[in-house]
Amino acid sequence: MTVVVQNIQRAAPEEIEGLGKAGVATVHEAQGRTGLLSSRMRPIYAGAQIAGSAVTISAPPGDNWMIHVAIEQLRPGDVLVLAPTSPCDNGYFGDLLATSAMARGCRGLVIDAGVRDIRDLTGMGFPVWSSAVSAQGTVKETLGSVNVPIVCAGAHVEPGDVIVADDDGVCVVKRADAASVLKKANERLANEEAKRQRLAAGELGLDIYSMRERLAEKGLKYV
Amino acid sequence: MTVVVQNIQRAAPEEIEGLGKAGVATVHEAQGRTGLLSSRMRPIYAGAQIAGSAVTISAPPGDNWMIHVAIEQLRPGDVLVLAPTSPCDNGYFGDLLATSAMARGCRGLVIDAGVRDIRDLTGMGFPVWSSAVSAQGTVKETLGSVNVPIVCAGAHVEPGDVIVADDDGVCVVKRADAASVLKKANERLANEEAKRQRLAAGELGLDIYSMRERLAEKGLKYV
Amino acid sequence: MTVVVQNIQRAAPEEIEGLGKAGVATVHEAQGRTGLLSSRMRPIYAGAQIAGSAVTISAPPGDNWMIHVAIEQLRPGDVLVLAPTSPCDNGYFGDLLATSAMARGCRGLVIDAGVRDIRDLTGMGFPVWSSAVSAQGTVKETLGSVNVPIVCAGAHVEPGDVIVADDDGVCVVKRADAASVLKKANERLANEEAKRQRLAAGELGLDIYSMRERLAEKGLKYV
Amino acid sequence: MTVVVQNIQRAAPEEIEGLGKAGVATVHEAQGRTGLLSSRMRPIYAGAQIAGSAVTISAPPGDNWMIHVAIEQLRPGDVLVLAPTSPCDNGYFGDLLATSAMARGCRGLVIDAGVRDIRDLTGMGFPVWSSAVSAQGTVKETLGSVNVPIVCAGAHVEPGDVIVADDDGVCVVKRADAASVLKKANERLANEEAKRQRLAAGELGLDIYSMRERLAEKGLKYV
Amino acid sequence: MTVVVQNIQRAAPEEIEGLGKAGVATVHEAQGRTGLLSSRMRPIYAGAQIAGSAVTISAPPGDNWMIHVAIEQLRPGDVLVLAPTSPCDNGYFGDLLATSAMARGCRGLVIDAGVRDIRDLTGMGFPVWSSAVSAQGTVKETLGSVNVPIVCAGAHVEPGDVIVADDDGVCVVKRADAASVLKKANERLANEEAKRQRLAAGELGLDIYSMRERLAEKGLKYV
Amino acid sequence: MTVVVQNIQRAAPEEIEGLGKAGVATVHEAQGRTGLLSSRMRPIYAGAQIAGSAVTISAPPGDNWMIHVAIEQLRPGDVLVLAPTSPCDNGYFGDLLATSAMARGCRGLVIDAGVRDIRDLTGMGFPVWSSAVSAQGTVKETLGSVNVPIVCAGAHVEPGDVIVADDDGVCVVKRADAASVLKKANERLANEEAKRQRLAAGELGLDIYSMRERLAEKGLKYV
């Protein structure tokens, strides 16, 4: 029941980089509006935009022991993803753990629980997306698991899946889909750039997207 | 049931500017503590302070079709105000719609739902007050209405009413009351400035507002 | 039932300063994980870190009269701590009251209710930890008490207790415990600094804290 | 600013009775899915189903003085509807006020705040839809208004509008629309009864509503 | 830091019985509107009304070990009161613990966390007031304390204080105040009974409480 | 992207019946504390206890079209499980759909959204576990999927998994694990019955579970 899976597969680095550049909203659209974590997941500071491979943690409420275990499993470019086995807003993670994670090349933390030392974390440039901020610490008494499938903030995450996170939230891309999602995301970005220029010039979405006829069919009346 | 009202009346520009300068807390007091939207409405970035005429949108949950329709109705100085017909935290609005709205002179968006692309919106200087941030997009399947009376975050808003928004939240002033509320707001501001100087000099509110006698009457005891 | 206690005891200034430098997470750990206020208490701007002696206010919902009374009781280095007698998100406090409190040497406000004028408060550098932001003002009709024991955001606060507040939240230290808690906090800080250097060099918490054996005993399996 | 409107118009008794029999879900559909109060409004006991004319109350947080004033305005068949001017979960209403309201023929209370003495209210058969239960009482210090337009739990209510409430929640029907909404509601009820018999016999909604073709057009695939 | 206090003082049995009969709303008023727990504390079934002496438990999140310890401290007529040291909705308590507590004469449980087996608890007639229902169990790994002062759902509770609980919520009466609060509660009950008869006969609170003059002074207008 | 999977595998009927009799708390323990849905999932009436095979629905916010599609896929003994693709408290399901589902042998509905007609559903004996009650209806405009893996209220559910639901909440058992979990659940039930008798006779958990030594080792002090 309590296990650490040591060898996980990861997506190709160039796929991960590309998804990170596309950002959460575009990636989420590109994969058919799936994989978004709950909007209660908020960044501790504005402006960070990352992507990385998920090292997952299933942890008991109020117990951060498994984070120490997970850090040993980190490879450069990974992102820690923690789901408590029941709701808890304790501060599982602070500046010491961040120091250790950064030393292993970790790009950030996604945690459906609390985090603390956020002024230090901000100063270190270690981004965290969490559902709470709390100075309430945790114990090291009960085991959990590392690199098992988890449900984090309403999304199913497998170890090695690609995590994309920015100011809009957090999205998970299945490892096997990374290449195809990246392709669609890049197509969307190109298409959006063209639209942006026409909209900035004053053209209306009603005309660009040819919406007027369908609105009339549905029964919209102008008075 | 689904309609776009094209010609709405707006308050005078100088009234709108004045209310914007006074800010939400002062305007709310000046009109007898009415018109405040729920405190769940938060700005996506700190420091914006706007006022404008409401172009209202009643939209189904998870459907942003009517925003495209509403943008055509915008005049320079307007503010979009969207209330979903049932609670929804989807991201109805992002940088493409903001580009289009800005091209029409729109000053901002007030939305009792989600918004996305907030790093881009912040970079563009397009202020939004929302009840959520979410990358979850919306569809364009069901009609709503534009420029009808709505209840947004607990406040009744008519098209053409004046929307005032800043870091404290969002307040609506009925169009017909704009001049009288502005007058009272300006009186409050003048009065507050005088009080501020006395308070900064160390005088107490207890004395400035002559509260001591009434406190004693009510039974307050010092021990 | 309604009373103002005028002479309260305070901790020694050097204890208060030391606790403020240690910060909330460290102080909370140092006193055995007690005294933390609910994580719903958030700062109105990032980066403030204070400590001071509590001047407590028990106030009715929607009535800020007692803040005026409390301000007269402030000494330089104090922190106002307000708990409403029932839940209320009204904006009890704004820039005028802050002007008055600053003139008395007040270091900040902790309030399990709403605050307003937050752009002005931010500009003035007057830090507030609150459970809400709302422009909705209050009346001056009903009495409460000043410098009585209160429960604020789930923590028991006596007048003269030391309040520590930063980006992680708010913690209360009993006045009589200030010296011993400071001693333990400083020991933790020294210990953490040594750990930080080892972690930054790539050593693992698993080894530094000798966790491997206990994990194996508890049944953790690596696969 | 503070006023009691004494003579309000009400819908015809037979319209009110009919709407009450139709129930909230049907009435809400019949008027185009408008007028529903927030789902946070819950009955204090299961099984009550009422309709009546709204006597509205705008009350300060934590102050129930205006309920006494409103009770004098009640006519047999009326329903009290209270919205606090800012969020408050205090218990504004208990068995004494219910005794008084029942003596005037009141059918129930809809309150976006707290209620208490709920065992007594249940025993008396006085139904209440509220957003909270709390023994926390209120004061009688500050005025509000009676029979003015209010926004209650997100819905706009005018005095004399028809309030329909049952286990599904609370819905408001504009007084002028009562007759036409009742007509549509009765048509829906007749239609539903026919549908119910076919569905109970095992026919599928897919066939009764001829959905199969449109589902295929939209792209639904069976695998 | 972790302790069990074995000999606590309790209020007199007749005081406890009297407070239980008066009920939460009356007791809360009688002691000047203090001591009420948050309205998030709800009974698992309707109709229970109890009073008893608090045996308090401070427990870690997700760990119910100390309940076993506390049960040994129970005397007939006691009520268990549990506050987790940080927010947690786990089911700390089910039918086996209730069987054990009932065997010791325990009258009920007040817990600012989750409870489970609620169909069994209802069948056994063991009342619980909790902030959650959850089948999620807990571990037995970390110590807490029994019979120390706690803050439970926002109220300060000392061991031996009188807990009163019914459908309206939960209220705590300080042990030393039990006799005087009971006296005031009984006066209120007598007074309320007289008022109830006059109100049921159709007299208005406006007249019984002589409110008309004061309302006019405050500026209330009838139109 | 939008699909109906028609042939799903189900657990053996005797496994399903056994899990239903064991109930949520026992089943959840028996499978190592996994599979529990969020505690926001509450039954619309007390006392129902069911188990069945999941027919899953992924539906857009505010759109119940796919429920009609799913009903055709029901076999006797199934349970509908609906997760909206983004949060929504609309009433997706009422008495007509329940009539149709019951005609197909459906045992109940688990929905992380709203339900309506709850008085009728209660009268019909059709149990529902939902996160909201709301009369707000839905449209039939946008497709979703039936019998695909979903995350419902924080738990991962595959079509054909066993759903167990009672007053404590909802738990999912993977189809392949049904037999082994049932075996462990039955062992727990037998063990609990023996413990219950000893506890009812006044023995303490401290002794039955031999806790005293370990408590002392951890440092618990009796004073």
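Going in written order, the chains are labelled A, B, C, D, E and F, and every chain counts its residues from 1.
Definition applied: contacts are C-beta pairs under 8 Å (C-beta built on N, C-alpha and C of every residue); 3 or more make two chains touch, one makes a residue touch a chain.
These numbers were taken from a predicted model, which means no experiment stands behind them.
Participant: Using the contact definition stated above, find the chains touching both subunit B and subunit E.
Facilitator: In this structure, the chains that contact subunit E and also subunit B are A, C, D, F.
Participant: Would you kindly state whether over half or under half of the residue numbers at the subunit B/subunit D interface are used by both copies, giving same or different?
Facilitator: Subunit B and subunit D contact each other through largely matching residue numbers.
Participant: At what distance in angstrom does the C-alpha mean of subunit F lie from that of subunit C?
Facilitator: Computed from C-alpha means, the inter-chain centre distance equals 41 Å.
Participant: Would you kindly tell me how far, in whole Å, the mean C-alpha position of subunit F lies from that of subunit A?
Facilitator: The separation of the two C-alpha centroids amounts to 28 Å.
Participant: Report the inter-centroid distance (CA atoms only) between subunit E and subunit F in whole Å.
Facilitator: Centre-to-centre distance between subunit E and subunit F: 31 Å.
Participant: Touching two or more other chains, which residues of subunit A qualify?
Facilitator: Within subunit A, residues 33, 36, 39, 85-87, 89, 134, 136, 142 contact more than one other chain.
Participant: Can the chain contact pattern be summarised as a line, a ring, a star, a complete graph, or none of these (other)?
Facilitator: Chain contacts: none of line, ring, star or complete; other.
Participant: For this structure, enumerate the chain pairs that meet the touch criterion.
Facilitator: A-B, A-C, A-E, A-F, B-C, B-D, B-F, C-D, C-E, D-E, D-F, E-F
Participant: Can you tell me which positions in subunit B touch subunit C when the two form their complex?
Facilitator: Residues in contact with subunit C: 23-25, 28-29, 33, 36, 39, 42, 46-47, 49, 166-169, 171, 192, 195-196, 199-206, 209, 211, 215, 218-223.
Participant: Please output the residues of subunit D touching subunit E within their complex, sorted ascending.
Facilitator: For subunit D paired with subunit E, touching residues are 1-6, 45, 65, 68-69, 71-72, 89, 91, 94-97, 99-100, 102-104, 114, 116-119, 122, 132-137, 140, 142-143.
Participant: Can you name the residues of subunit A that touch subunit E in the complex?
Facilitator: 60-63, 85-90, 134, 136, 139, 141-142
Participant: Write out the stretch or stretches of subunit E touching subunit C in their complex.
Facilitator: 1, 32-34, 36, 38-39, 85-87, 149, 151, 154-156
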